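Below you'll find a set of structures to go through.
One chain, chain A, links the two complexes that follow: it is found with chain B in the first and with chain C in the second.
So, the complex of A and B:
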């Protein structure tokens, strides 16, 4: 890892795509799938431990109230109940949950509310019983007396309010506020021909994986060891945070990863179910399972997405050339702020998108309200950021009378400008954007669609076309979580985001890869690891064994998040493989009595250059490594095993004055989405007629599963754009709690995506891979918004608020009709 | 304002009488089981907890998502809102009963594998059972018919496209095989 503050002297020029690989680039069938297809996946709720108890949590019915008393006596006597822990009791016995937000001591975040409830759904007591039925029965026997307070709901009002506070100790509802200025914004705005302004609203959504967050705590009172079987928390190197909350030594805690039915970011920071299950096991001395039900997950899962109010200004020239961008954002974080404003750091990684824009101002106000707090959802703030930028670009195109594809084309960063530093300081490693646009326009038949559109509109049909060209930053750097604060206020300026793997080649040459963070969340971790190892050793991916190790005694690892996993595993597996292959080469050279330099790796073994019949296979050499010590070079240990911890490929430090945030999200992909829609003016429904997605995420590893990520992310983007919303009434009551009212798309709501690929390899990663896991959701909302605008242009409708539900669309049409 | 969260029921009102157990007989994947269950016990809990057939998952427990889909006397039902007593005397098929043996996948499972009709696999058991029902009713569906058919079941990962691919592929394989 480079941690210099100089520019990109150490970044090599982009390479040409390499086509000589055995497995990378092939659509290999996933190694995870046979067991999943048979129903033998062993998700966390499938696991039963001897003597295991079941937990249910009593939740606050009030958005904001003081807890006067909690009486659990009747619940404790109920059939099957083994223990009840109330919020005040938990606060005496357990520490706060890990919180990397600003001033965590002023908005203390606990597994159960202790003195005040801060949102509907915050836990106030846990019941543990022989089965879940009994735990839920007993939960209804707990009497809680509340002193109900005025709820804090509207973040704009809450930002000004100093009387009614979510957390009194903080003295304000604004948990964090800062304005960054990069470059000469004032000059660029003064110099511009025109300024386009927009006020935008990105509604609150949530990932809603079909499998909720769950854990089984298993405490051994004899040894003091705590094992937690969990489907969340991938960050091995931060597991000590849970140990602190539980009051046990960090080296006595083992978080064991289980596969999970989806995450999309939501499980990344989910400490709560792990701590709930573990603390109840510590209290009862028996294994305790806690599985969120859908309502638990929706109301108390700590994973709502960004909830933003934007004022955006774009300064540009009359010919459509962009100059400068100002963004002012209020983000409604809910009742706590567990990762600070990291999701705005994320947006700053590509704040100016794929465009040449020379200066930027970014203001954020993070406001606390009586709602569930935010977590991560696929895009982690860059989803909203991309949408806001593409919205203002469309508005500029409309004001100048330019075609939306043309205004984008004239502002794209040219290929010879890479590596490219955007005003905030982040580096884009490589890119070739115009071919992506051309590819998409051609695949969509843009001109043909424009003609068709006019013909259909002539028949009275409201047909619209939307286009976005936007980026997907991948491989996050830890600086995005703290560069918000001045250096003196940052206790540890974290720069590590490690990913460790161990590899072994056994006595007969079979390969095992051990992963240290990576629960399988649907993201093909095992297939990726198997393919990368197979590429190194010329074996079949189906023959590679992949093991998931717990945190205890493990290597540091950060797991999935920020579209990093494939890149990081590639770095780690390449590194570990090299160590093993170097050893195999030494053994082969010694055994064949030739110079190491004369050997080459060909088809699964070492041979003297050009001499195929001299080849010693990996199996032959492994046999020596394990069984014939006397055949090894002097000092060579027996066996074939290697650890490798790969860290961030290119991180540079932020400047002390924060005029430059450094490079923190450098593996930057690009995409163009094009969509045609038909809007029904009477019902407000949106029908997707055609959808093209062309992506460039560097070297493709497994095209079929990559496309799966794109279409899945695009479907989530459709939900984001048209339907999904976590709404609250004026009293802070959540208005949705089930899939009846939180509308995730069905098979009838999402398009058939017509895929295309370009490959511009990253110059800084193994094999030139960039991440692509979030890309679909980062593009679709902007494309659909633009298409709806275009369809309803006669009404002067612009989509300024998401989701663009049928009700909203009808309202906009009526509003414009006056 | 002070509000007391009233507890719902007194101890005496909770039905804890073992006599309230109901004898049922269900045949799951060809094996007949005789069980005694509480009246409120859900079919999904009998399958997952009592019979340890954990391939049937739950995603919402509210009858919306279809993740808990099983076949009851041939028809798909949501086992999270089906009482076990309602299944008395019934034939139940779960995902564990779809593949012909431990080495061979059913053509639908095979097509899901080849077309990557799954990512996290959580909706997959219910989706496979639903697809099986769709193909029994219409062995050669169009893509639009498949989409309509599987719109009963939510999937958060795949965006459904590769599930449709897999279903069409499975239909072709099954037509060739028959």
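So, the complex of A and C:
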């Protein structure tokens, strides 16, 4: 990691794409899949420990109410019940949950509500019984008396309200407010030919993994050790937060990662399930399993996505050249703010997208309401940011009469401008955007589609085409969670967010990679680790063993999130492999009695340069390392093992006045999505006729799994654009609880995606890799919105609210705008 | 999402099941395919003390022609009806409607009669039964009686059957020459219950509509016959304008419903994002037009 305020003195020039690699860049079948496809994956709900109990949580039926009393006596006497813990009891015995929001002591977040419930679904008691049926039966026997309060629902009104507060101690419903000015915004707006304005609404959604969040707490009263098996993430260097909440020493806690049927960001931390299972195990002395059912997850999962109201202004010149951007955003965080306003850090990391825009003003108001709190969802705020930017660009194109592809092309950052600093301070490491646009236009046959569109429209069909060019920032530095605050006593430092791995080569040369706090979430952690190790040691990825280690005694690690995993593992595995290969070289040189400099690594072994016959394979050398001490150089330890902690490749300090936030999210990919749709004016349904996605995420590691990321992200983007919404009524009641109400697109609703790839390597990462895990969802909502506008241009419809549901579309056509 | 405690009773025959219902009283519920009842139990929206399972009673899974009627027994699976060539040939509207019910795995468990007896206001099969003027056989410890589909549905999830009566079978009139039938619906996601749907059966003779029945779901607390639309079509020589006018008439005499009034979901949950009346009516109109147009084409009435 570098910590410098110098612009990019330490950033090397972009490299050419690697073409000489054995595995990186090849489509490899995932090593995880054989077990998953045969039903041999072991999910948390498959795990049965001896004497294990089951927990069910009683949830608040009110959005906002004071807890007058909780009487659990009837429940305690119910069949099979072993323990009941009420919210007030839990507050006496256990600490608050870790919260990185502003002023956490003024909006205390607990595993169970203690004095007030803050949303429908917040836990007020937990029942542990011999089975889940008994726990759920007993839950209905708990008598809670509530003093119902007026709910805080509308964030715009709540921001002004000082009387009715979600958290009285905070004195306001606005948890955070700040206006950032990057560059000379006033001058650029005054200088511009015109200003385009838009008011936009990004609805509340969530990731909805098939496998909900779950944990098994297993406390050993003899040793004081607490093991928690969990499918949520548990960063080794932040696990102490759960230990504090549980009242146990941090080095007695082991959070062990499990595979899970999906996260999409939503399982970041999820302290509540971990602490629920662990505290009940501590109380009962037996293993306790807590698996969220779908209602638990929907209503109490701490995982809802961004819920934003935008006012956006773009200042530009008559010829379509962009000058400056103003964004004013109210974000409805729900009842707590566990990650602070980190999701706006994600938006600010690429606030101006792929465009040259010289200045930016960004105002954010984070409002607390009586709803489930936000977590992370694939894009983590950059999804909404990308959509808002693409919407205003489309509006500008329409006002100037420019083709939407043309206005984008004339504003793209040129390839010779990289590394490029955007107004907020973040650095884009490399990029070559125009070839991505050209590739996508050609793959889609843009001109052909425009002709076809006119012919179909002449038959009365409502056909529309949408195009977006958008960025995908990757590899965050956790600095973005605290650069919001500039308390003089606690000066902000950059936080590397490191990733450690351990590697061993055993006696016969077999390779093992140990990952820390990296659950398998449906992304391809094992395949990535295996391919990267296979590249180093010239073995088959299928022969590399990948181990998932718990937090206890673990190296610093943060696992997947912010599209970081592949880049960070590449750095760590490259580093650990080098240590082992250096040792192999020393052993080989000693054994062959040649100078180390005379050796070269070829096909899985060391040989004297050019002399194939002299090659000692990794297996030959490993045998010496483990079994023949006398064959080792003096002072060389036996065995072949190495740890390596890879720090973030490029972070720089924010300026004290925050006129520049420094570089905190620098591995920046790019994509162009093009879509053709047909809209049915009577029903408002949107049929996707053609979909093209061309992405550049630096060096491709496994095109096959990357395409999976793109199509999965695009599917979620389709849901975001057209169907998915966590709706609440005016009293704060959630209107969706199951997949019946929450409309995730199925295979029948998602288009075939026609993929294309470009490769502009990163100059700052191992192999030039950039992250790509949020691909698709960052682009599809903008592309579909534009296509709907285009299809309904005769009606003057513009999509300014997502999701654009069939009912909303018909309303817009009829002129009843939302 | 675990059901509350209940006792399980297996009906050895349909008559035995009826006796159990009589004996156990109104806290007993009948279980057939379980595709509606079991989710309701898991969400604790229904808490019956007893379940009487009809699943293993013999002879109830029939699909057979009986004179001018096609008879579907109480435990005949939706998938069996969907794949029956008899149903497709004799009652094409039923065959087309059942294809729209949920997804294949659900249709392999769910029953046609169970869906009709459940009486959702937006479901396909109750609506198809009304459009087809199906006859329901209600069996109890007292004997059997027959009611027409339109009299059977009395409101959302409510029917004219008593708590101790079993819908033992439903009989659908077999189509004759010159008759075309069609089902059309729009749902927010494929496999969901429709926002609104329409079933139409039209008979054309010498280029003129001589018989027509249309039913709509999603616009009232039960499936309803669109009599104004039928009147607009009967005796006409059909063309697109006539059909469009009939579609407009189909919703003209319906009472607008306030938001949230319609039991629009598989589960009678109180809070649900139900599409508003204006949108629902607009979709219903379009589905009537589409269903009638297709039915006419199949009847050979529109070129």
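One rule holds in what follows: the second predicted complex is superposed on the first by the 807 of 818 C-alpha atoms of A that agree within 3 Å, B and C clash if a C-alpha of one lies under 4 Å from a C-alpha of the other, contacts with A are read in each partner's own complex, and residues count from 1 in each chain.
Note that in this section contacts are C-beta pairs under 8 Å (C-beta built on N, C-alpha and C of every residue); 3 or more make two chains touch, one makes a residue touch a chain.
The model shown is predicted, which means the values in this text are computed figures rather than measured ones.
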item	value
Touched partner set for A:551, first chain B, second chain C, both or neither	neither
Contacts of A:65 with chain B and chain C, given as first, second, both or neither	first
Chain B versus chain C as contact partner of A:144, first or second or both or neither	first
First, second, both or neither for A:746, with chain B first and chain C second	both
Touch count on chain A, higher of chain B and chain C	B
Which of chain B and chain C A:685 touches, first, second, both or neither	second
Partner chain in contact with A:260 - chain B first, chain C second, else both or neither	first
Contacts of A:293 with chain B and chain C, given as first, second, both or neither	both
Contacts of A:133 with chain B and chain C, given as first, second, both or neither	both
Partner chain(s) touched by A:736 [first = chain B, second = chain C, both, neither]	second
Common interface positions of chain A, toward chain B and toward chain C	133, 137, 140, 293-294, 738, 740, 745-746, 748
Of chain A, residues touching chain C in the complex	132-133, 136-137, 140, 293-295, 682-685, 723, 725, 727, 729, 733-738, 740-741, 743, 745-746, 748-749, 805-807, 810-811, 814
Of chain A, residues touching chain B in the complex	29-30, 32-34, 36-43, 45-46, 48, 61-62, 65, 68, 74, 77-79, 133, 137, 140-148, 207-211, 259-262, 264, 293-294, 520-524, 704-705, 707-709, 711-716, 738-740, 744-748, 750, 752-753, 776
In the complex with chain A, residue positions of chain B that touch it	1-11, 14, 16, 38, 40-41, 48, 52-62, 64-65, 67, 94-96, 98-99, 105, 109, 112-114, 116, 118-125, 128, 143, 146-148, 150-151, 154-164
Complex contact set, residues of chain C against chain A	1-5, 43-44, 186, 188-192, 195, 265-267, 269, 271-273, 275-276, 278-279, 282-283, 285-286
